[in-house]
Structure formats: structure tokens, C-alpha cells
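In C-alpha cells below, several structures.
You will see two complexes here that share chain A, one where it goes with chain B and one where it goes with chain C.
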Partner chain A sequence: MSSQDIPEENLPAQQGHAHGAVDVADEKNPFADPGLPPHEHRIQDIDEEAAKRSERTVALLFTVSMLATIGFIVSYVAVPHDRSIYVFPIGHVSALNFALGVTLGLALFCIGAGAVHWARTLMSDVEVADERHPIEASPELRAKVHEDFRQGAKESALGRRKLIRNTMLGALTLVPLSGVMLLRDLGPLPGTSLRHTMWSKGKLLVNMNTNEPLRPEDVAVGSLTFAKPEGLEEHDEDFQKEIAKAALMIVRLQPENIKDKRELEWSHEGIVAYSKICTHVGCPISLYEQQTHHVLCPCHQSTFDLSDGARVIFGPAGHALPQLRIGVNDEGYLEALGDFEEPVGPAFWERG
Partner chain B sequence: MKKLSARRRHPLAALVVLLLALACTGGLYAAFAPAEKAQADDTAQSLAIDEGKKLYTVGCASCHGTGGQGGSDGPSLVGVGAAAVDFQVSTGRMPAATSQGAQVPKKKNIYTRAQIDQLAAYIASLGAGPAVPTKEQYGPEGADIAKGGELFRTNCAQCHNFTGKGGALTKGKFAPSLTDVEPKHIYEAMQTGPQNMPSFPDTTLSEQNKKDIIAYLNAVNGDETENPGGLELGGLGPVSEGLFGWIFGLGTLIAVAVWVAARTAKAKKS
Partner chain C sequence: MSTTASNTSRSRGKAPGGERVADWADGRLGIYTLAKSNMRKIFPDHWSFMLGEVCLYSFLIIILTGVYLTLFFHPSMNEVQYHGSYVPLQGQLMSEAFNSTLHISFDVRGGLLIRQIHHWAAVVFIAGMFVHMMRVFFTGAFRKPREVNWLFGFLLFVLGMFTGFTGYSLPDDLLSGTGVRFMEGAILSVPIVGTYISFFLFGGEFPGGDFVARFYSIHILLLPGIMLGLVVGHLILVFYHKHTQFAGPGKTNNNVVGMPLLPVYMAKAGGFFFLVFGVIAFVAAIAQINPIWAIGPYRPDQVSTGAQPDWYMGMAEGLIRAMPGWEINLWGHTLVLGVFIPLVLFGVILVAIAAYPFIEAWVTGDKREHHILDRPRNAPTRTAFGVAWLTVYFVMLIGGGNDLFATHFHLSINAVTWFVRISYFVGPVIAFIVTKRICLGLQRRDKDKVLHGRETGTIKRLPHGEFIEVHEPLSQEQLHTLTAHDQYKPLQLGPAVDENGVERKVRATQKVRAKLSEAYFGEESQIAKPSVEEYKEITSGHGHH
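For the complex of A and B:
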């Protein structure tokens, strides 16, 4: 229904001017206060039929919400949790998840939509002007508060009884120290543990996949293998702590492709072992491209050149990846010839 | 001897010689028949190699050299094995349209099964390399899916994402999605390390390990995989999905709120 259909007698008298205007333009104040615009009526204010319709709409929305809540309870009980259904365009979903989501969503949406419709069409929408008042208290009230405060200070005798005042200040100063002491529970200081890993001379390089020590002939050119130090098992209590530092990435290059002299010396027939922990913030880094010999860190795109001492060629990492010096023992297994010479992983304050 | 010589003009002499000759031929045939059959197999093999060489000369030699020795546009194929050929040609990566660009993408395969086998036979004849895996090697029988998941997260997830959805590498290179890749091709890729992917030979990732990985991928990514959450938004992980929820979910709510407030409830529309 549009405003044209409303019976003439139902229309209120048109207001000729804005109401609430308090100022007129004069020399002191060239900009007159325009006041509020004239109030416009809604159909529901004028037409009782329309208001009834709105009421029914709101009630319908609330009823749908109730039914949806009952539907939620029913689907919780009735729908088996392992049934899968196809819903366009979402695809295959768990029937229970879908039913619970739809019914609860509908129940909440209908409450919201009903409330909005009620407020917009039926509740009063008459503009109300409210004057703003100063927030400062009156001078008398302020004087009284000051007087009360002075009297209180005098009666407490803090100025006179200095012993109480000083011990109180002392107690209040010391109490936060107990909180500071609890910070010690953040753990013992790392000491030198950031500088050392489990690797040491003679430790075999154990393949993470097969749990067997690696031989040089196992490692093909272009392959990628991950290794842990001999003696570290997955069920060990400190496995995560140790592997976080000792994780090793083993690749084999053609010896003539190795540009860095030290890298070549520390390798065995082109097999090089590098720390798997990015020197930026310690992400596990092993996105190895076997043709370019680049390793990319997935977190911040630091890129290292494994054919050139794992030097940083892109990204925020500050150090080359530490290399582990390896050789072959008497039985033909790959072994470490010592620990990493520099701390693995991200830099820290005392790293130097 | 004299007796024989004397009878050489006998009318039946020719018949006797003929019978002897026939018996001799039959006996020889009986004695050598298995060997000849083997020879026939060799011939089939060398025929396949010959056919493969012809196909190679037409489709591959311009980049990889006339004898598979490699050139400025393509690597040497000596020792890459039949598995590499089967992977590269069956997935349409080879022959590549150009040697330029970050990496050669997957495209439509233009060779028949027989032609691929011939090409593979030719390349395998250039130097020993991994053979095309059999169904027993990559099939689901006897695979440990949980172990496969562990192995996948250790060896593959860094590039291919935790459920094999793929990911970006440096300078336009990327690790392709493993959804809809045939188990055989996944096996071959692990074994041969195509393009910039490192290889995972049987010495460091055993046959059983590979089988487990393939079974895991089929479990999380296969045709019958159930996804109870519905819309997976590319399966890129909780951060991207959460971001999508924040931007589009909240965005929709804000848009609805703006729309509700912008519509006037007045009888006289202004």
C-alpha cells in the first residue's frame, strides 16, 4: 500500500514548519538553528491495517524462531552423526552439522529480524530533542568535597604519625615483588643450550623415515632426506626439545656444483647436511628445489642457496643455515664429525 | 662308404636324403625352439626400443639431444629410467611447449599407452633407472594410512600442503595439487623427482613408505573422502579459512546492517 491509498481523514495535519527551532539568525549568530526537520509518518502510524500486518509479521518471525529451535532439538536427537549429505553449493557435509547450523541460524536470525521489524514499524519513531547539560558540579558541591577530603586527611593523622605512613609505603612497595618472583617460573635461563645440539663426533645420521642409519650410497643426487641423531627416539621425553634443534636436511649435489670451499670440505662426496631450522624465526625449512639447489622457508620466504654455503639469497633471514660436518665411519655409515659450529635457528640477544 | 657311394645313384637315394634332411631340420628345431622364442622376445623389445627411438627423434630430441645426452634446453635422460618417462609423458608435461618459464605445467597427453611404453623402453635402454611401478607397489593393499600421514608431513607437506593441495615456491614455481593425480604418477614422482621436486629413492623412502603415503593421500583427498565441514575453501588451513570467515562473514553482516538502516520506514519516500 502506498501513501496515495490512505483515506484523507486519517492523515494528520501537515506541519507547516520545522518544530523545535529555538534560534533565529541575527547579528551575533549569523547561522540560525534550523531545528529538526518535520516529522514524517510511517504507514503503520496512519493505517491501523498496516500496523496489524506488521504485528503479524513480527509474530510470525518469532514463531518461526520457536519452530527452528524445536527443529534444532529434534535434529540433535534424530540425525545420526555419521551421515553425510550433498548440499549445493557446499558439497558433501555432515548431515548433523548442517541441520544444527541451519536450525540454530534460523532461530537466531528470526529473533533478530523480528526485533528489527518491530522497532522500525511499530515502536514510536518520533524525534526527541534532549538538551545537553554541563557536566561540571556546582561550586558548593565542589567546596564540600574538598572540605571532606581535608578533614579525612586530618583525622587519619598520616602527617603526624610518620611511623605508620612509612611502614605502609614500605608494605605497598614490597607487595608487587611477590609477582615479580613468580616470573622465575618461566623457567631456568637457557644457559648454553641454545648453542649446542645433540650432534657430536661419531653420532650416526638416522633416516627419519626408516629409522635406519644412512649410508652415502643411499643418498642419490637430487634427493632430499631428513635425519635425526642416533639415540634419539620419538617416544623419548625430550624428543621434541632435541629434534627442534637437531633436525637435519640432507641433500646430495655434484661436488663440482658446490661453490663454497668450506661446504665442500664439510661434505662427503657431495652429500651436505644442513640444519632444517630457519635462521629467521625458526620455522622448519625444507622446500628444496633440486634443480636450483634453493631452499625456501614457507613462513617468510627466506631463500637459501645450498650450493653456496646455504647463504641467504632472499628474505628476512639474517644468517646462513648452519652446516653439520659429516664423514663416513669404518662401517660405511654417515656420521657427524662434531656439533654445529654456530647456534642453529633464529638469532638471540647474546648470539653475537 | 663304398657301399653308400655305390648306391648314390639309386632311384630312392634322393628320397632318403630328403627324409634325412627333414629329420635333421625337425630335430634342430625341437632343440632350438625355446631359444628362438626368447630371441623373438628380444626382438619385440628391440622393436619397441627402435619405435621409441623414432618417437624420441620426433618429439624429444630437439631439446634432450639425439641420443638423450641433454642440451641447453633439456637435461640428459641417461639413467632417468622408464618411470620418469611414464610420469612426464602420461601427465602431458613432456613434450614441453617451451623450455622457458618457471616450470612445465601438466597438460593433455598426446601419446597412446603403447607409444609411451616404447618411449620408456628407449630411454631405459640408455642407462639403468627406476622402472614403471606395478599396481602391487602403489595399490592400497597392505598400506598403513596413519604411517603414511606421518611420512607425508615429514617429507612432502612442506611444499604440497598437509592434505596435498599444493603450494607456491620461488619465482613462479609451484608444487602442484595432488588431488586427482593417479597413484602411479605419485609413486613415479617420488621415485624420480620431476623438475624441481627432489627425489625420494627407495633407499631413503622405502617402497612400503611410498605405498603408505599414497594410501594417506587417497584417504584425505580421494573421491570418497568425506569432508564433514562442507565448503573447504581450498583446504589451505585454519588461518586462510578464518580470514575468509572474518572478511566475508563479517562483511556480509555489516552490509545487511547498512541495508536495513538505509531503507526508510516512512510512508512518504524521500
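For the complex of A and C:
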């Protein structure tokens, strides 16, 4: 990024040569800097009565602040923490939160307002000019520092004793590796864990709300039912991790409305089971439009057509929702006929 | 106090207590040398210089309230049953993190207030940094010698975003868990290493039992520690460089005109801390923020509609919502472009604004110090670039709330998304052109004012019946202020052959630079400011033109 090749004349004329009021306006240059304008007095500067008024205003603000702090302490002690009050126009709010916040806010604000009013009306407002000095060191200083550095480098003999330099660089390069190694146990390696869920052949589909196994007749046309695999309970240690992959949504379509051949094969009497986890970034899908059989992820609005293999019809998702193959067991309950055939949830490098 | 007075007081006995303490400290810390250059340091006054102060004070408020919150918050994902005073959630299973956040909100007196001050201050902090950066950008305050401070500020902005993100993930409520899941999905999209990073971050599969504790140490120690260092560095540099000022009578590149730190800015800035704190406390009293109890603890299979991140993550949210779901499957691997491209763009958009000062410095080739601020109109290309950048940013904020725009304005979500997709490309171009035209128009107006004076609104009828408006010449202060700005000339590449007729080699970078220079400073990009000759010619004889 050298700028040596930029001709000087392309840069604007040397700035700032007009120093303060040196460049007196004259016939030659009507645009010259006239210098700092004369100071204009405030009313407080000339009228002691006005200054007194300002003093009283500042003192009043500080006093209000003191009172507000007392109000804060009183509210803290006196207002029950479960009381709710109606405040126009914000509605019902926690009385304690409101009282504490308003008193604290007032106490702080008045200190600030007092200080600013004091500065604006009573402290000197005469503008003063301070000189700036270039940040760059003088050429002599620059040369001196460079010379010192060369001297120091020479005395260290780092350039001459190559063996020391190279081994030192080697040691310093290697030593952070220990730190990197220590991070290894932050988590297990992914392996194939993202490819499997709790679903397997024979696992019953359990209604998420009632915690009862589902029968085909429990699933009405036009409704959206959420299900989990049998044996997964909310208080299980792995519940969050397992439900993040195994959550299922079940809808009943008219078999003749199912456009996708495989979807029809994997369904039972028009009942289809799809992963509830969006293939975009993993939000749970929860909105179902029964007329069109579309489901919508409320996070990023990816829309899937459940009557057509849950393919993406709008939004940022990249592929269809995985379908779970289901059937009915001897006792008439819906069961899984295996795990999902592809990983559920967001895509990842090893997904393939 | 005059010297004689202090001498007499000294001779009568010991120096006053304050002086003795200061002497003691000076002997050990050298405070007098420090105070010499700083106690009466001059700071210029302009309303826009206050924006950075808002950031500093909200940062301090966040630290104060954050320390208080750590006294009650349990960063653990162990499952517990809720038995607190919020009835609707009683008996529900939840993580200790969520449980303790409910405890802070309902059972610790003032806990909700401090939580809301903490969150509101974070929102104000990042909004303040955003606006402060815009101030610095549009006035050219990032130019030499302040490039490093620009980068410090930029890092603070980015780290602030991530500190905010890790912070609102801590309560482990349904909304924040959804945000964390979004982040996990974005990490998974990174080619080759994404799955590993996700497993190492979450201690295994999402959500696992570790991320709250890990985010906690990142949120309260790692990121704020770095930020505190950067804030101190930022302030030291502000003092060292001395503040920039706008052009005006008596204000030059070699001075700084204003009022001294002691007492005026001590009182004003110190008072302003209390004003900011007071306003945020008041807002926290009346405006609810992040009611974590409303939709309950996080469950990976549950979600609510209208889920929105804090505003500063809205741009990332918009990118991810607007991007089409491209996926490439090859050789058993998946390249998740639909998520990875937004992730990369998020970085690119931010880095573009960080790198801008260096690009502009390269184009101008200007290595001098700049302490006089530009009016945005006098740097049309920079201003237009800034507005184009803002357009991208705000288009993506709209994208991030596409569902809200759709429901509130009764629009189709598809239409809103397509609007965002198209505007992402077209919007900044239009904004660039329009802004540049406006800047040039304002430059023309300034020139007109200098040469022909101010419009008075007084209409005069001449003897022959013509009506004219009386123009009043500007004062010399105004003339100087309107003509004080720099104007560069575009870089010339020189003739294609040298004096011997041999073809000159011009490096490709130089050609790019000349093009950019022409775009910045060519005839199309700035109005030559009025010259003294022009002024004299017009003002000398015939009055009106």
C-alpha cells in the first residue's frame, strides 16, 4: 500500500496551515479562517440572580434524587413482590418492579440532570484551543530507536547463532499444541450418531400429549399429532438429546391424495409419519395447513408438502423431511418399521 | 489559587489533606505527569460525540448488573422440578439455569429489574455502537491516525453481538434454545469441520448438558474480559489522538477547540452516565424485555411462532431466511450452501465495513493526519457506500422479521421473502446512486450559498417589474466553514508511453486504483468548491446575476 507513486499535486493543499487566527481575512482571501469567534456570555455569567436560580435548580435535582433513593428503599421493604398494579398506558405490571425501577431511574437521572445543568449554566463555557502535535516521531528519534533495536538484536546474537533461533522457533511453535490437545475432550467424535435416532422396528408411536400409544383411529383427518418413541420419558437423562432427533409428526391424508409412491408405501391407511425437525437448521415444525397438507416451520418459514414426500415448496430448507416407515402391530397400535433411513434435522458435511 | 496564597498557607502549617494524598501518590505513581496532559484536556462539543459515551456507559451498566445476576444464576443444565412462585410453571421439569432465572425474576426482590436493566442496556449498547460507528464512518473520523481505533471499535461491536447472543442463551428458555439450535444448524453447515465443531461445542449431540455452563464462562469472563481491554485501549487512543472536530472558525487540523475535561466534561460526561443509567432503569421499570416465563423452558421439539432474536442478530436471521435452500451432494458429502453462504456473508458484510478505511486510504494515497471531520456530503462516494451498506443491513433486518411483516401488514410471506431477495442486490445499488446524487446536490447548494449568499425570503420588485429574491451574503465564518473541506484530484496513470516512446508498464493494481480514484474524485463525483476568483467575480460588480 505504498502511496509514494501518488503525485503530491493530487493531494489537497497542505491542511491546517492556518493556525488559530493567524490568517486574518483580507481582500485576498474571503474564505480565510477568521479565528475563534468572541465568547458570548450566558445570562448566568452576567446576572448573579440567574446564576443563583441555576444553583437552586441543580440543588433541587440533587434533592429529588435523594428522595427517590429513599423511595427505592421504602418500595423494596414495603411493596409485596407478587402484587400487580395497573399503570396507564402500559397495563398490568409488577408493582415492585415498577416502583423500584421508577425510583432508581429518577434517582440516577436527577444526579445526571443536575450535573449537566451545573456544567452548562455555571461552569465556564469559554472555548479554548489546544495544539495538536504530529504523532510520528522526529527523524532523529526514529533513527535512534532503529539503532537501539539493531544494537539489541546484535547483542542477542539471534541472527548469528542460527541453531538457537531455529530450535527456539520450533519449541515455541510446538508448545501451543498441548493446549490444542487439551481441547479434545470437549466432546465425543460425531461418528454416526447423527444418523441414528431412537426409532427401531417395533417401537410404538406414543402421543406426546397423552403419553399413550397411538392407534390408527386416534389420528383424525386434518389434525396434526406429535409423537415420541415408546420408552422415552421426560425425566430421562437423555430426553432432550433424543427428542431433538426422534420427534415425530403424524397426519392422516386420504390415500388417494398421496402423490409420492414411496410415501404411500411407508404409510398406514393414509397415516404418514415425518420427522418434526426442520431440515434447514433444526427448528421443530409446528404449523399444519390441512387444506393443502403443507407444514410450515415457524422459525424460517420453510414449507413442506406432506402429500408429496414432504418436499420443500418454499423457504430456505434444502431437502425433504425424512419419513418414518410405520405399520400396525398385532394389538392394533401404530409402530415404527425401522429407523429413519436418512439423518434427521439440518444437513451436515458427512450427511451425503 | 495564586502562588502567593498557597505559599502563605504552606508557611502557616501543613498542606491540605488532599494535596498531601496527591503528593504521596505522585511519588509512587507519577500522577502529576499524567494529570498535566489530561486534567485540562480539551474536548470539542457536538451532539454526535455523545454516541460513543452512550456505549461506554451502557457497557458499565451491563457489567454492574451482570455481576449482580451471577450471584443468583446457576449455570447448570441439571434437570429440576419448579417449585417457585410463578404458578403456571409449577411442577414442570426444567434446567437449573431456567429455574434460577425464574427465581431471579419472581422471588428476588429487584431481580427482575436488574435482569431487565441488564438486557435493555445490552440492546442499547449494541445499538449505540452501531450508530456511533455510523457517525465515525460518515464523518471520516476513521482516517489516519485513527484506523486502529476503528478496528478496536469494530471488534467491540462484533464481540458485543456474540456476548449478547451467549447471554440471552443462558436462561435456557424456549426462545433462546431455538436460537441456539439455529446456531448449531449454522455450525453444522461448515464444510469438513462443522460436525466436529458442533460436537466439541455442545459436548456431544445437541443440546447435551454442557452448553449453558460453557456459554456462561464465555459470556461472563472470556468475551467481556477481551472487551474491557479493548474499551480501555479505545479510550486511551481517544485521549492520545485528541478528539476530532468539525471545521469552523478557529478550528484547524492542528488544534482542538472546546472545553476542558476538568470541570466541564467531568460534570457533563459523569452526569451523562447517570442520565443513561436513569433512562435505562426507567425503561426497565415500564417495558418488559425477554419474558422467559411466557413460553417456558427449552424443549428441542417445541417452538413458538414469531420467534425473533435480539435486534442485532436480525441481519444474520434475515440472511438465513432469504437464502434459497441450495445443497450439493457429491461423493458422499453434503455442501449445505443454503446455510453456509449466509454464514459467510454475515462475516463478509461485517468485514467490509471494517476494511473500508484501509481501502479508502489506498485509493486516496493520503498519508497525512486528519483531525477535521468531513461533512458526509463532501465525501459523496464514501457516504454512498455507507448508505448502500446500511441498505443491505436493513433489508436483511426486514428479512429477519419476514413473518412479522407478513402478519402485521397482511402480506404474503412469499412476497416479503422475494422482496428481500431482490432488494439485497438491487437496494444497495439504488441507495448508492441516490445518495451520491443527494450529496452532489447538497454540494451544489453549498457552493451556491457561498457564491450568491443565503436566501432571505424577501421578494423585491425591480423598477422594470421583475421580481427577485434578495440574497444575503454569508459571514466570513460561514464562508470559511463551507469551503474548508479538502478536495482530492483523481489519480492519473500518465501517458501510455514514456518520453522515448517505450510502452510504460502499468501494474494492474495501479489501473484498479486509478479507476477507483476516478470514481471517488472524478467530475461525476464531486462539485469543485468555489474558488476565491469565482467569489470575487460574482461579488465585485453587478450584484445579482
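Following the convention adopted for this analysis, the second predicted complex is superposed on the first by the 312 of 352 C-alpha atoms of A that agree within 3 Å, B and C clash if a C-alpha of one lies under 4 Å from a C-alpha of the other, contacts with A are read in each partner's own complex, and residues count from 1 in each chain.
Rule of thumb we're sticking to: a contact is a pair of C-beta atoms (placed from the backbone, for glycine too) under 8 Å apart; a residue touches a chain by one contact, two chains touch by 3 or more.
Note that the structure is a prediction, hence the values are computed from the model and not measured.
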{"item": "Chain B versus chain C as contact partner of A:P139, first or second or both or neither", "value": "neither"}
{"item": "Partner chain in contact with A:M123 - chain B first, chain C second, else both or neither", "value": "second"}
{"item": "Partner chain in contact with A:S84 - chain B first, chain C second, else both or neither", "value": "first"}
{"item": "Partner chain(s) touched by A:A32 [first = chain B, second = chain C, both, neither]", "value": "second"}
{"item": "Touching partner for A:T210 - first (chain B), second (chain C), both, neither", "value": "first"}
{"item": "Partner chain(s) touched by A:V251 [first = chain B, second = chain C, both, neither]", "value": "first"}
{"item": "First (chain B), second (chain C), both or neither touched by A:V102", "value": "second"}
{"item": "Per-residue contact with chain A, leading partner among chain C and chain B", "value": "C"}
{"item": "First (chain B), second (chain C), both or neither touched by A:G318", "value": "second"}
{"item": "Partner chain in contact with A:Q290 - chain B first, chain C second, else both or neither", "value": "first"}
{"item": "Footprint overlap on chain A, comparing chain B with chain C", "value": "3, 6, 87, 90, 93-94, 97-98, 116, 120, 125, 208, 226, 284, 286-287, 298, 301, 314"}
{"item": "Residues of chain B that touch chain A when the two form their complex", "value": "151, 154-155, 158-159, 167, 169-170, 173, 175, 193, 195-201, 203-206, 209, 226-232, 260, 265-268, 270"}
{"item": "Interface residues, chain A side, partner chain B - complex", "value": "3, 6, 40-46, 84, 87, 89-94, 97-98, 116, 120-121, 125, 207-210, 214, 217-220, 222-226, 251, 284-292, 294, 296, 298, 301, 303, 314"}
{"item": "Chain C partner contacts - residues on chain A that touch it in the complex", "value": "1, 3, 5-7, 9-12, 15-16, 18-21, 25, 28-37, 76, 81-82, 87, 90, 93-94, 96-102, 104-116, 118-120, 123-132, 134-135, 183, 186-190, 193-194, 208, 226, 228, 234-235, 240-241, 243-245, 247, 276-277, 280-284, 286-287, 298-302, 312, 314-319, 345-352"}
